[in-house]
Amino acid sequence: MPIREGDLVLVYLPDGSTYLVTARPGKTLGTHKGNLDLGDLIGREYGDLVQLSKSPAYLLEPSIEDLVMKVQRNTNIVYPKDIGILLLATNIRSGCRVVELGTGSGALTIALAYAVAPDGRVYSYDVREDMLRVAESNLRRAGALDYVELNLKEPGEPVPVKGADAVVLDIPAPWEEIETIKAAIKKGGRVASLNPTYNQIERMAETLRGNGFVMIRAMEMLCRPILPRQGRTRPVQQMVAHTEFILLAVYVGETAEGFEEDED
Amino acid sequence: MPIREGDLVLVYLPDGSTYLVTARPGKTLGTHKGNLDLGDLIGREYGDLVQLSKSPAYLLEPSIEDLVMKVQRNTNIVYPKDIGILLLATNIRSGCRVVELGTGSGALTIALAYAVAPDGRVYSYDVREDMLRVAESNLRRAGALDYVELNLKEPGEPVPVKGADAVVLDIPAPWEEIETIKAAIKKGGRVASLNPTYNQIERMAETLRGNGFVMIRAMEMLCRPILPRQGRTRPVQQMVAHTEFILLAVYVGETAEGFEEDED
Amino acid sequence: MPIREGDLVLVYLPDGSTYLVTARPGKTLGTHKGNLDLGDLIGREYGDLVQLSKSPAYLLEPSIEDLVMKVQRNTNIVYPKDIGILLLATNIRSGCRVVELGTGSGALTIALAYAVAPDGRVYSYDVREDMLRVAESNLRRAGALDYVELNLKEPGEPVPVKGADAVVLDIPAPWEEIETIKAAIKKGGRVASLNPTYNQIERMAETLRGNGFVMIRAMEMLCRPILPRQGRTRPVQQMVAHTEFILLAVYVGETAEGFEEDED
Amino acid sequence: MPIREGDLVLVYLPDGSTYLVTARPGKTLGTHKGNLDLGDLIGREYGDLVQLSKSPAYLLEPSIEDLVMKVQRNTNIVYPKDIGILLLATNIRSGCRVVELGTGSGALTIALAYAVAPDGRVYSYDVREDMLRVAESNLRRAGALDYVELNLKEPGEPVPVKGADAVVLDIPAPWEEIETIKAAIKKGGRVASLNPTYNQIERMAETLRGNGFVMIRAMEMLCRPILPRQGRTRPVQQMVAHTEFILLAVYVGETAEGFEEDED
């Protein structure tokens, strides 16, 4: 199927550098290996080879991972290593209604949108209007805006959503939103909270324990790239050591007296 | 929404143990904390508390992660930590057509099915008829069979699928299926191969390099559980250290002369 | 050099199991592969092969790592992965005088003893007399007792040592010993505190900051075994995920006003 | 004890930067925070605070870890995280005679020297004369040269040492030195080989298996720094993901028929 105007293209160079662009007449991509006329992409196919002045390049279809990693960011983003397990653990799938507190640059929002598509919906909130504008632009470019509603929200302010399948939080003080979560989530729904410090997940875990959540657990994901090379395969020398801890729980409305969870 | 006959329920006990069952009159779950009449689940809600003879228990809606981890297994399964990033990196999303070589117990197949639902399709192949029967049973129980075609296939034998969005392999000698992959995948499509030894991913990476694939990379995912407990939060003491390396690539049909990929 | 009466021997079987024994007439080692007369070891050499009834076995010279891992333990021990870096970071070397708070089973004490030998000394304290007896027995067997003084000590009670090169702590509330540390350590000396939870190292780091310590840092060590096998090399499937965090600092007596340490 | 002329001093600034210098009249250290007269250090004490023009600084006694990390390097060095466990596993202690193949910049050599001091000896070999000069300079500065003999050696050329307690290798093709190792090591002695790729440790493990070595095992060490900060403790964001695998074995002279080692 040929690339059409407005389609996203990942331009991939031999040195491993990539550029996320939109096929559009009158636009040009400038790289350290030469320019690429983005109108010329229309009618080409994903997988095609094109020639920049100093290098060949491939036109690839961007993956969700690519879309996430290529957002224009003003803040730390949630990484694919964390998003992948989060989606499986929170049971976010096609058709789900998901509340996201802390839109940020919209990286996680893109992945949530594609996970609930075509019939689900992501209701995403941030306290900063400028972040919402950044996220909107990122979501539009990634083709994910149709599945997302972006809204400004004060800390602690409730959201109008009821019966959400899942609530995902990426904010510094998630415990301040405990009433927001409880009012928005369905009974049996799942919560994931992402935070960089031990202190935050400990405090949020305590808050969840006292508010009708069970199956509370946390984890950290490490993604270690490996270089698979003939006769000299090894891990890379530098890696991301830490982004955020992932805290998970299920809402049951009220916790049974004496329902103690086991501890290692 | 009440639980109906045939719905899956994850029974969750205070000690952290879980049981995946189907709501069905005339069936009983036996646990170390007492029995549960599975007909009584019908009409209850996810999140409800029930009473076994020796313990309370919650009725939870199983997540995709739960469904994957609860397959009846004759073999090693692919773990959620690996499935999550695989889905994002291979761009498998709602509507995709995916070929899986190496059905095994069907754990990964379940996640693929839910990722492509409702309109996509997973074509999954195995060389062992007994494994296909195990997988079929697991897929049926997980409610994922509608999106999957299971078929027997000899090693090296081509598959009838053309233009697949992605091909996922979990077999000991993936390089023997290189022609199968090339015939089934669309130009620009993505491949993921899972293997426990570095030798396998090194050999498969070489095979992909010589057969029109680019953006070849590998990684390993580590999931480290954390115990978030008031005043004494720490990682767990034992963890899964290794399952499989993940090898990723994009098919472009033919590789440009001198398109050398950079190496760390 | 032949093995003499009283020498330590590590008996190594083909299945990887090992036994730490002392060459001694009239004693017998019983294993799942048959018995070994420990008097017969006298006069043999390290590296020799002997025959049990159901298996061959090698007589090896135990390493410090072996001695540490083979202590009779009533408690968690400090692992070689942590001891190795601790010795280098605290500058514990031949001739040093070291204070250890929290003898426990004496595993770390053995390594400290061999590190300061032949002219240094380890002053090790515990609040439990029964632990001191266990440690003494372990140290004697490991040939390390000559370099160690074991003493009972109440929590918070000072120790008579002055000008120690380093103080090493493996106790639940190391901050309660801050005055003990300051009174025992030389100016410029180094401190290492081992604790399983982040809460403990956070609190101890704060205590050190307010008490004349600088270069405060922490780390965790992960040791991942690899199976190096022809054509199928891979990491092991299960590993120790966590033992203790290691907190390190240098004593300077009083901290300069405004000497702020940078933070990532 | 006052700092004397020729003593090593680690100058530590509030931003965490450190400088390894030698107390010496007529020399000056230049830093981004001002200069320090190195003659003025004489007579001061470790732990003292000095004032640069733009910052205070502490005079610290360098640890072995500091000495290792501060070598002038033309090559990758062996890291403390690997050195620590290597010393314990190879049983290198005060009094040992150790052969090192691959001196490199001498970082590991420094740690070996301090481990065998005062009565042991390190015999270190390199194929490059320029590296030996770099190493000699590093060892002299670190006060470790008295315990080390540095020599040029061709690949495969034997060394004159007999009965060494341990042989440590940090060279690209350690299998080419298998006869060198066997001729130099005592029966029951221990070998450690450091290499960055899976392929190298796999090949070296095979070579050792066929040459009278047992208890062959490998590992990788990960050191993850933690920031212990009041109310916001977390791991650092970037870390060293890989340096070298560590391969370990014990020499027994000849391996028993059928002495098969178990495999996970």
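Residue numbering begins at 1 within each chain, and the chains themselves are lettered A, B, C and D in the order written.
As a working rule, contacts are C-beta pairs under 8 Å (C-beta built on N, C-alpha and C of every residue); 3 or more make two chains touch, one makes a residue touch a chain.
Everything numeric in this text was worked out from a predicted model, so none of it was measured.
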* Structure fact -> Touching chain B and chain D alike are A, C
* Taking shared residue numbers divided by all residue numbers at the interface, is the value for chain A and chain D over half (same) or under half (different)? -> same
* Structure fact -> Chain-centre distance (mean CA atoms) for chain A and chain B, in whole Å, is 20
* Structure fact -> Distance between the CA centroids of chain B and chain C (whole Å) is 42
* Asked: Got the chain A residues that touch at least 2 other chains?
  -> 198-199, 202, 220, 224-225, 231, 233, 235-237
* Quick one: which bits of chain D touch chain A in the complex? Just the residue numbers, please. => 196-200, 220, 224-225, 231-243
* Structure fact -> Within their complex, chain C touches chain D through residues 12, 14-16, 45-49, 56, 58-65, 68, 80-81, 83-91, 93-95, 111, 114-115, 117-118, 187-188, 190, 198, 201-202, 204-206, 214-231, 233, 235-237, 245, 247, 250-253, 256, 258-264
